[in-house]
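Across the two complexes that follow, chain A remains constant while its partner is chain B and subsequently chain C.
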Partner chain A sequence: MTVQTSHTARRGAAIAFLSPAMAVIVLFVAVPIALTFWISLHDWSMYTPLSQMTWRGLGNYADLLHSDDFLNALENTLVYVVIVLVTTVPLALALGMLLYFPKMAGKGVARAALFSTYVIPTVAIAIVWGALYAPDYGPLSQALGAVGIDSPAWLSDPQTALLSLGVFHVWQMTGYYTILVIAGLTQIPDDVYEAARIDGAGFWRQTFSVTLPLLRRTTTFIVLIAAINAIQVFDPVYILTQGGPAESTTVLSYAIQRAAFQNGMAGQASAMAFSLLLVLVAVAGVVLAAMRRRTAAEGRS
Partner chain B sequence: MRRTVRAATALAFGLVILVPLFPLYWMVISALKGPEELQKAPPTWFPSHVTLSAFGEVFKAVPFGSAFLNSVLIAGVSTLSVLVTSVMAGFVFAKYRFRGRDLLFWSVVATMFLPPIVTLVPLYWLVSTMGLADSYLGVMLPWLANAFGIFLMRQFIADVPEELIEAARLDGASEARIVWQIVTPLLRPALVSLAIFAFVFYWNNFLWPLSILQSDDKFPVVLALSRLLSYSTSVQYQNVVMAGALIASVPTIVVFLLAQRVFVQSISRTGVKG
Partner chain C sequence: MRTVGAISLGAVLALALAGCGGSGDSGAAGGPQTISFLTHWGPEQVTALKAAAAAFHTKNPDVTVDIRPVPFANLLSTLRTQGSSPNGPTIAGIYDLWLPELVRDGLAASAPSGAAADVKAGWPGNMVDDVTKQGQVRGYPNEVDLYALNYNKKLFAEAGIPAPPKTWDELVADAAKLTKRDGDKVTQQGLGVITSWASGAVHPWLSLVNSNGGQLLDGSTPKLDDPKVVAAAQLYADLVKSGATQPSMSSANANTTGPYLDNFVNGKTGMIIMANWWQSSLKQAMGDRYSDIGVAPVPVGPDGTASAGVSYSWLTMVNGKASPAKQDAAWKFLQFLNGPDSGKGGSSAMGDILMSMGILPSRTSDLTAHKADLSDPFIAAYVAELPNAKPFPTVLGGEAMSQAVQKHIENIVFGKETAQQAMTAAQNEVAAILAKAGA
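Right, the complex of A and B next:
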């Protein structure tokens, strides 16, 4: 076989191998992203043909800025993301170190238990959490009552409902992030710690001067993934609160689905969806740029 | 001092095992309780009277059996398709050189982070315009390939030695033969973990089937479960709902336990790289 024919054969193979995956991704991911933007410039009910769309320009976006529903959903989403980030990230770092460093039996069991929450269908386990949170019949209120604490009404109180969903999210996802931390820890060579010990650094000193700085990439990645996962929370809201009570748990993804599929306002739903995408891109950009700048600064020093 | 540290660590280990498992425990005992016991406030932490009746009722309340099979079909076909498409695309991105390759690859990888809600409306429109609303194919089609699988496979195929592939080419093996008979057998652990990831993801996927399906005979099990919940919100039926939740969770739990080690390792492999 000549070089020329093998080259042509390989080009044919490349096209054949790539096209199934690329067809799906282009048709069902790339095209829909563009369509989301296009639809967001129109008034349209999803259940009518595209020809019945009417042009609105940026009108839907202008409406969003004055829409109490959207602003409420945006605020709820932000609060939810903050609740999740400030708890899961430190917790995952602490648990990762706990399940990596000590020489103790049961590490494997603990890792498996922690990670198991991630594989169970959200719908199934959210139903269980609904029962755990139940005011009279639930174990949580009972346990708090036993130690003399007046239990909040959890999901039925607008003050605590969003927080309760956040607690569920933290319970469900922390195991996954912990495994990522453990993966990061395995990449730190032992001699770094040895050197620190010779310099007289104790446990806390090692944690803050060696472990955490060397885990920065992992941590950044976890912050990003955790934010993306929290921003799109839908299943538990749909199952447990339907956005209530008093709209206190209406987050963006729920508002988008409701506007499009229940209220027939696909244009406005798409404006929300595209805004969400822009926010995500901006957040990812900032986080990644910050990471790059830090890495560059370290390289120079 | 040492002893306090050890005791604290042991306590923390205990919590790390108990806290994740407690809701599972609650799911199981609630499924085993009878209606009278469920109506007790405060609740009992161990069923005083174990009954399996809820596991029969769940199949009468909604078509739970066919929903279970629907999930097997949907998750099974999607997983198979993801394995095949990911190996092929991963091979190209790992072993072929062409202009724009890295740009294309990273564009694909970026879609991994796209929340499905962003494109839900046009996706619904596209699939129903193709005449596939409320069909099995409509549920599966948009998910028959994904960026995560391609990314994972590229990472693993990149480690396959170049000489092996060159040697096969010199022996006159076609590119297809190289992919399926030389490269794929070397990917066993990676394929197992991708299969598990995909299966768990498609089994649990809720938003898309909820949006595209109308008839209950096509519902996957998580959708049947949410329907079951809306029929039986009263606490005395909680055993039925919990039995449903348990049945819906069993496949993912079994798959996870069978391949737990590979699963956790593969996260280490893909979670953070570079």
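Right, the complex of A and C next:
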């Protein structure tokens, strides 16, 4: 067998082995995304076949730029992402270290309990949180009232509704991110800490000079996933607030659902969905680029 | 990307069903037919509907009716994703606000002459008008709901108020008397409003607008900047400012329950404008205290002449994308289901099903057949208001219009806009929405 024949055979084998996976990716990722973009260039109620859509060009995108509702949804989504990130990531790091370093009994139970909030379906938990957040007569309000604190109206006040949903999200997701942090901590060799201790580093010095720098890849991944999860939040908004009160919890995912399935504006909804995709790609790009730049800088030093 | 995927997969599904689906006909015209009925009703009503379908099958062995229940929240999305498929639902129970879009896109078939004559002969004129689009009857009216003032008689007695308010001035005065405070905190509100739910926010407010001589639309032209409409917005602003309406007690959730309902059933809200369908919720939540609830006409505003609560209805339509043979079978079944021979004591089976939910049927003979049930004081007060009710306008873009109005009503309730600002903005937004929808 010649070298040329061997290369051709290998290429054929590679294509044969990769094609099932590629076909799945094309069918379930590339085609839907391309179709979403195609629909976003039309007006479509979803009651008619795709072949009967009305061409709008970039009109749906132009409408979004001038839509206060879209900009409000975008702003709410960004605020929600910030609330989630600034709370979840430090909390997950702190809990992860707390559940990894100290030698104590019950760590496994604590990890399982934290992770369980992630496993329970959001719909079921959201119903419970709806009752917890009931203004005046709900358990949270009663508890605050018992210690003489005026309770906020939680989901019933535009000033606190988005924050309340954020607290729910943090409660639900922190356990999952904590498990990721613990998995990252297991990758840090013990001899690094031993060397630090020999050099006289205390707990805080070890945390900021050893643990956090060596956890950077894990942290980057958590930031990325947490941001994406927050941008895509839908279930609690749909179940608990329906975007209200006064549009204060209308985030992009909910606005997309409402436009497509309630208002029959699938073209506009697709334009929003495609814009959201671009936002997600941009966020991921920025986070990954920052990580690569940092890695490259460290490599040079 | 999950969202992009969801939208896309829905579209792919629609495409696949539209492009690749078989006809699903169980036979050629004249042969055996299997038709499907999409409904949002609960298990008890679905069982009754299945019994009616079985009775119809006994008389018409060539037609089998398959009942497809879905949750209310999924009804419209199911229609959107399956409606145009050849295997989609043949019959669907729909909210009348959805009808114009379904007619425009060819999903709501026009009734054949026999069924159209049946509807015209058996229902009041305003109900026939409601299901008539582009000059054609598009379905059988069934459920009708309207809004009235619900009040807590026990709280009224405690406040020394002898009768429910008849005018806005009395409404404001009574709301003030019913409001209780613990220091600065309001512990009992006079008039409750509803937020975070489009119909819950808009319909009660529009009932006040109608009762002040105003209207939401004149044809397809919004009238939100009319002083008679702005006055209803100002009424809300004044009630909130005085503390007689508490925004924090107003929210609803996806189940159309939540704090607004909890506060009323727990005696923390003196009055609220709501529709008759929530009677079963009140009974369930209040138990013996249900007898505290009274119903009265919506108070009349200074520019109004009579109470005019908002009404809306549901109808059963036939899918215009189904084969002609299936459409014929579907109309035949609807004629039976809504006819006076399918139920008990001269009622239609549909009338019996609706009454089992505490919902007003709309067929004239059903109202007669259920006269005893309709004498219940709660229901009777609504029945008395039925002739004065104003149907919520059903136009293309109606859902988006409702949401725009809801947003600005909630902005007033939460102090984000003045009444005038809110109505000016709503006027512009609704005009743009209706123009874009082609209303």
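The rule we apply is simple: the second predicted complex is superposed on the first by the 276 of 301 C-alpha atoms of A that agree within 3 Å, B and C clash if a C-alpha of one lies under 4 Å from a C-alpha of the other, contacts with A are read in each partner's own complex, and residues count from 1 in each chain.
Convention: a contact is a pair of C-beta atoms (placed from the backbone, for glycine too) under 8 Å apart; a residue touches a chain by one contact, two chains touch by 3 or more.
These numbers come from a predicted model, not from an experiment.
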Touching partner for A:Ser6 - first (chain B), second (chain C), both, neither: first
Chain B versus chain C as contact partner of A:Asp157, first or second or both or neither: second
Partner chain in contact with A:Ala282 - chain B first, chain C second, else both or neither: neither
Chain B versus chain C as contact partner of A:Ala296, first or second or both or neither: neither
Touching partner for A:Ile120 - first (chain B), second (chain C), both, neither: first
First, second, both or neither for A:Ser270, with chain B first and chain C second: both
More chain A residues in contact - chain B or chain C: B
Which superposed partner A:Ile149 touches (first chain B, second chain C, both, neither): neither
Partner chain(s) touched by A:Ala260 [first = chain B, second = chain C, both, neither]: both
First, second, both or neither for A:Val24, with chain B first and chain C second: first
Common ground on chain A, meaning residues reached by chain C in one complex and by chain B in the other: 28-29, 31-33, 35-36, 39, 46, 50, 134, 136-137, 228, 232, 234, 238-239, 252-253, 256, 260-261, 266, 269-270, 273-274, 276-277, 280
Parts of chain A lying in touch with chain C, wherever the complex brings them together: 28-29, 31-33, 35-36, 39, 45-50, 69, 130, 134-137, 150, 153, 155-158, 228, 232, 234, 238-247, 252-253, 256, 258, 260-266, 269-270, 273-274, 276-277, 280
Contact footprint of chain A on chain B as seen in their complex: 9-10, 12-13, 16-17, 19-21, 23-24, 26-27, 30, 38-43, 45, 84-86, 88-89, 91-92, 96, 98, 108, 111, 113-126, 141-147, 150, 169, 172, 174-176, 179, 200, 203-204, 206-207, 210-211, 221-222, 225-226, 229, 235, 238, 241-242, 244-246, 248-249, 252-253, 255-257, 260, 263-264, 267-269, 271-272
Footprint of chain A on chain C - complex, ascending: 1-5, 7-12, 14-15, 18-19, 76-77, 79-81, 83-84, 101-102, 104-107, 185, 187, 195-197, 247-254, 258-259, 262, 266, 268, 397, 399-400, 403, 406-407, 410-411, 413-414, 416
Residues on chain A engaged by chain B in the complex (per definition of touch): 1, 6, 9-11, 13-14, 16-18, 20-25, 27-33, 35-36, 39, 46, 50, 95, 98-99, 102, 104, 106-107, 109-117, 119-125, 127-129, 131-132, 134, 136-139, 141-142, 145, 171, 175-176, 179-180, 182-184, 186, 217-218, 221, 224-225, 228, 231-232, 234-235, 238-239, 252-253, 256-257, 260-261, 266, 269-270, 273-274, 276-277, 280, 284
